[in-house]
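After this come two complexes, each holding chain A, first together with chain B and then together with chain C.
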Partner chain A sequence: MGVKFEPKILAFLCKWCSYASADLAGVSRFQYPSNIRVMLTMCSGRVDPVFVMEGLSSGFDGVFVFG
Partner chain B sequence: MQVVGHLLEIAGIGRERLQLRWVSSAEGQLFAEYVTELTQLILGSGSLDRERFKLPLAAAKQALQAPPLRWLMGMEKQLTERENVFHEKLEAGSYHLILEQRAEEEYQKALLCETLREGPKTVRQMAQETGLPVYTVSLRLNHLERSGLADVSGHEGTTFKFKLLAA
Partner chain C sequence: MAGEPGNFQAVLKNQPRYIIPEKCTACGDCQRACPAQAVNEFNLGLDRRSATYIKYPQAVPRAYAIDRNVCLGCGWCEKICLAEAVKYDDEPRLREVHVGAVVLAPGFEIFDPSTLATYNYGQSPNILTSLEFERILSPSGPYKGHVMRPLDRREPRKIAWLHCVGMRSDQEGAHPYCSNFCCMVALKQAIIAREHIGPELDMALFYMDMRTPRKDFEKYCVRVKDQGARLIRSRVYGVEPLPDSGDLRIRYATESGERQEEVFDLVVLSVGGVISTDTVDLAGRLGVKLSPDNFMDTQCFAPVTTSRPGVFSCGFFNGPKDIPQTVMEGSAAAAAAGHLLAAARGTLVREKVFPPERDISQEPPRVGVFVCHCGLNIGGVADVPAVVEYGQTIPNVEYAQANLFTCSQDAQNQMIDMIKEHHLNRVVVASCSPTTHQATFQDMLRNTGLNKYLFEMANIRNQCTWVHQRQPEAATQKCKDLVRMAVAKARLLEPLDYITVPVNKTALVVGGGVTGMTAALNLAEQGFEVHLAERKDRLGGNALRLRHTWRGSLVGPRLEELLHKVKNHPNLTIHYESIVTGVSGVVGNFRTTLSRNQVIDHGIVILAIGAEPYRPVGQYLYGQNPNVFLSLDLDQELAEESERLRQAQAVAFIQCVGSRTPDRPYCSKVCCSHSVENALKLKELNPDLDVYILFRDMRTYGEREHLYEKARNQGVVFIRYHLADPPKVEQGADGKIRIRVTDHILARPVELGVDILTLATAIIPHHNAPLAELYKIPLNAEGFFTEAHAKIKPVEATTEGIYLAGLAHYPKPLQESVAEAMAAASRAATVLSRDFLELESNISRVVDENCDGCAFCVDACPFKAITLLEYMFEGKVKKTVEVNEILCKGCGSCMATCPKQGVYVAGFSLAQLGAQVEAALGLI
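The block that comes next holds the complex of A and B.
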């Protein structure tokens, strides 16, 4: 394989906890992989199991939920 | 999330493709660490072959929309810690067992629905396409028939063919 496989990952972030921590990670310049695509939710409890399947069937290789 | 994990596992997609972590707003470092660690994990599992898993993906999604399963999800505290009107409680173990069994059942039914979407099929054809045992196909098909989702559409020699009724 010539090109290295870069997984596409869907990340659900809670507005009040993990989104703020992602923000902090950015501001503090902590390095982390750029494979995640962030989806902001008002609460991680809002993430319906169906969203996960929808993500996987529409092109993502993995789904993370951060609360 | 436990149910989705179980479904991903029985569908052969892999439980590790869904990850849940707790990060507070003060833990930027932790967030970066988790993303690094989990991305490595997905990297190890490789790309998800959407063509190959088309049927399981669609079925898992449909199963998660099934009302009986949705009613059960997130009821753990209610059913295992609080009593019902008869002062009966469920063991945590039996609650998880019921949840997983129900999820598997809904998944298998959804799998059959998905294969029948392409047109009428015999039980053996369905078993071959879904990879389920013939007996399981018959059981789930019986459920679908009774709930008015499938019916006999004709014969192929002496074998019945089944079709999906408009849901």
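The block that comes next holds the complex of A and C.
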């Protein structure tokens, strides 16, 4: 016990909306944990379910699709 | 300013900023270092800012400035600025510019309610203007978007909005006109406040007439009502701060004259706009004529033309209006200037030439990594040298270095040298966001002879150091990961062909009314070839039946002038009795077939097919009694000064016939002004005539309010009726038309006997569906064409190269249709003036051997860019799909639905994204 679980998260963000929101979060200096890795996609509609499965199977604890 | 149209000399004065915008990187270090405090005027004094500041987050240029009125001169900002942008001895600069045309867009300032005793503005911090409340609602505002009362920072439970503050009043200090936007401001703020606070918020809007005449505004108003807002038709005569609680008591009179009072937590004054004294001075200096309300004195057929040739104006300065209309008028002013300067078009353009592209097909990936310090923005949090050092260890990285500011010109020059020296063929920049800087670095690549798609960015500022400021180690690690991910993708990048398509510089305008003719003529005068298609055998449309504009000038002579120009312009071909029957192609290269078999190849199309009046057959004796007119019929009678008009003793108008009903939930915008204007003309013809106008809300917006005031003064009787209790109209035995209606002040039925009844009926769209289908653009629920964006793209259709103007888009008066026609022409000219269109190459590519033509992607494509193809291959039918390079936006929805990897987005292939995901996991 006492071990704090820190999930590794893979994020797919749409170029037009959520990626821009993530940029704006930076401009606004919102602070958040660093264990998320962002993939830029041209559209969240482009995210194949296979990406989600592969993300999870390759070792990520969570996959975040935002668009 | 001196000179004449086509050749003005103007002197501009630049106030000093004390920070050089070209050098400033907007890192914000100076602001954080600044010890001096000032009132934040952008948040209207509701909070404070430092002396070194950026006015608001979206400011352009995004550069800091020093407010020398409060600056202590301590020099901290100068010491801390690594970009060396601070210049204390900056001075005002005078600059002379030579221009051919001038556009005035000085805007407005909000009315200061402290001049009116009624509202006690300034006596309690809980009495706010709508602009102050707007800042309170804003996430970047003084309370970070938490709705609080300024007095005690308590969340209000009960908010009152007072409409028409300082407007529609002859009181000393107030203005007689209507500001046009303030009703919607109050409605919008009520909805947003409710979103912030919750459904328990009590919203009360105190108004005189609810003026929501623009597209979809009426539906918005209904929505606010449905959410529980109390819309109280009243006159407010006092706002009184209560001691101790900070609450406010509002005293008001209801429509029937009853006195009431109610206590609120917060009062928002929905103030109007006024033209500032600076703007009036500017107009004086330039010698342009203003109206008595200080608005630009324009004409309905020339809505952006001032009294001084070569000087155009737009926006609120031309009369009160809201955002969509100011945006539209901005384009209209550009069209007017574009016409004047057509001969000079392109003469100041310098073409950028890039060196020939290097062939890298035989080279292994040689990646260069450039890591930006961005002053302290990245370097102050992450260990940039460690990131560079790590970068050098990644496979295929040939070279890595750090820059203080990667985007600065000297850093770019140095990077170009390094790319050449190390023979790099892929470049990764780890800095800010591709959204803002990708294009800059891609240009840099082209300058070195590399294809611009051999570039990848790692966003280590906005999405790393800025958001992990207190975790330097984790941020450094994340920077390394992001660089590794970028390199993993970069090594798989391939050069992409640049896609350019030639532009056919011909325009097609569909619809030969005033709107279509104005648009066609403007483009023809700008030098483009124009085809004008009209379904009837003559031009003119609805305007042929319109007697005068709201400004009182006759339509006929101006229409004749326009017809003459259109019919005689050498660049203009008119196709009578022609409707569109077939359309193919896309922006730059459309092909449209007309009903007389004309085939027109054109680069853009403007749809201006108008609309028609609703004919309420069977209602209010329309079609049964010859003395029951539509508004346009009355115009004809007025034009002829007909016998029955001169003999009439009493006339009435019924407003909103077929408008603002559950079936047709929109306001037709023109009818209130039209009826009031005709009432005045009738009074002119016979001052003893009894004139009644039966209305629901009188929407004589903007300066049209003067007409309403004048009509009241001349004895026109206005009677309000309710949708639930409409007037009843019967044929009287005495030959008169008998109208029974409940009077809103007396609250009892009254009976009128009139000789002539005019029905101000709705403007309804023609059957727009076939044309919408052909050009693949959407219609709204009421059948009007839908624009790409209600506010920022008001005349563009959702498909590129298609523009909308006039009544087919939404009901509007002549002046606004003319402005819209010019705006559409202006937007169209941005395409027609180019020889080629350059498109992004990150679009879908079909892998023919994998595609079996299942067509899953065809339906998934939101841009209708994919078509199914069949062809014979080795004796068999082979099915596949084809992507239209111009329509495709590279979203990749096709790729996500394809079960066979038969299609991919260049620059976002499965292999490239896969490599990135794999690299992401590395050291996390």
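We take it that the second predicted complex is superposed on the first by the 64 of 67 C-alpha atoms of A that agree within 3 Å, B and C clash if a C-alpha of one lies under 4 Å from a C-alpha of the other, contacts with A are read in each partner's own complex, and residues count from 1 in each chain.
The rule we apply is simple: a residue touches a chain if its C-beta (ideal position, glycine included) is under 8 Å from a C-beta of that chain, and two chains touch if they have at least 3 such contacts.
This one's a predicted model, so the numbers in the text were calculated from it and none came from an experiment.
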item	value
First (chain B), second (chain C), both or neither touched by A:30	both
First (chain B), second (chain C), both or neither touched by A:39	second
Which of chain B and chain C A:53 touches, first, second, both or neither	first
Partner chain in contact with A:61 - chain B first, chain C second, else both or neither	first
Partner chain(s) touched by A:20 [first = chain B, second = chain C, both, neither]	both
Touching partner for A:5 - first (chain B), second (chain C), both, neither	first
Intersection of the chain A residues that touch chain B with those that touch chain C	19-20, 22-23, 25-28, 30-32, 35, 54, 59-60
Chain C partner contacts - residues on chain A that touch it in the complex	8, 10, 15, 19-20, 22-23, 25-32, 34-35, 37-43, 45-48, 51, 54-55, 58-60
Interface residues, chain B side, partner chain A - complex	1, 3-4, 13, 16-36, 38-39, 41-43, 45-48, 50, 54, 57-58, 60-61, 64-65, 73
Parts of chain A lying in touch with chain B, wherever the complex brings them together	5, 7, 9, 11, 16-28, 30-33, 35-36, 49-50, 52-54, 56-57, 59-67
Partner chain A, residues of chain C touching it in the complex	57, 140, 433-436, 459, 461-464, 466-471, 474-475, 477-478, 481-482, 485, 842, 860, 862, 889-893, 895-896, 905, 908, 913-914, 916-918, 920-921, 924
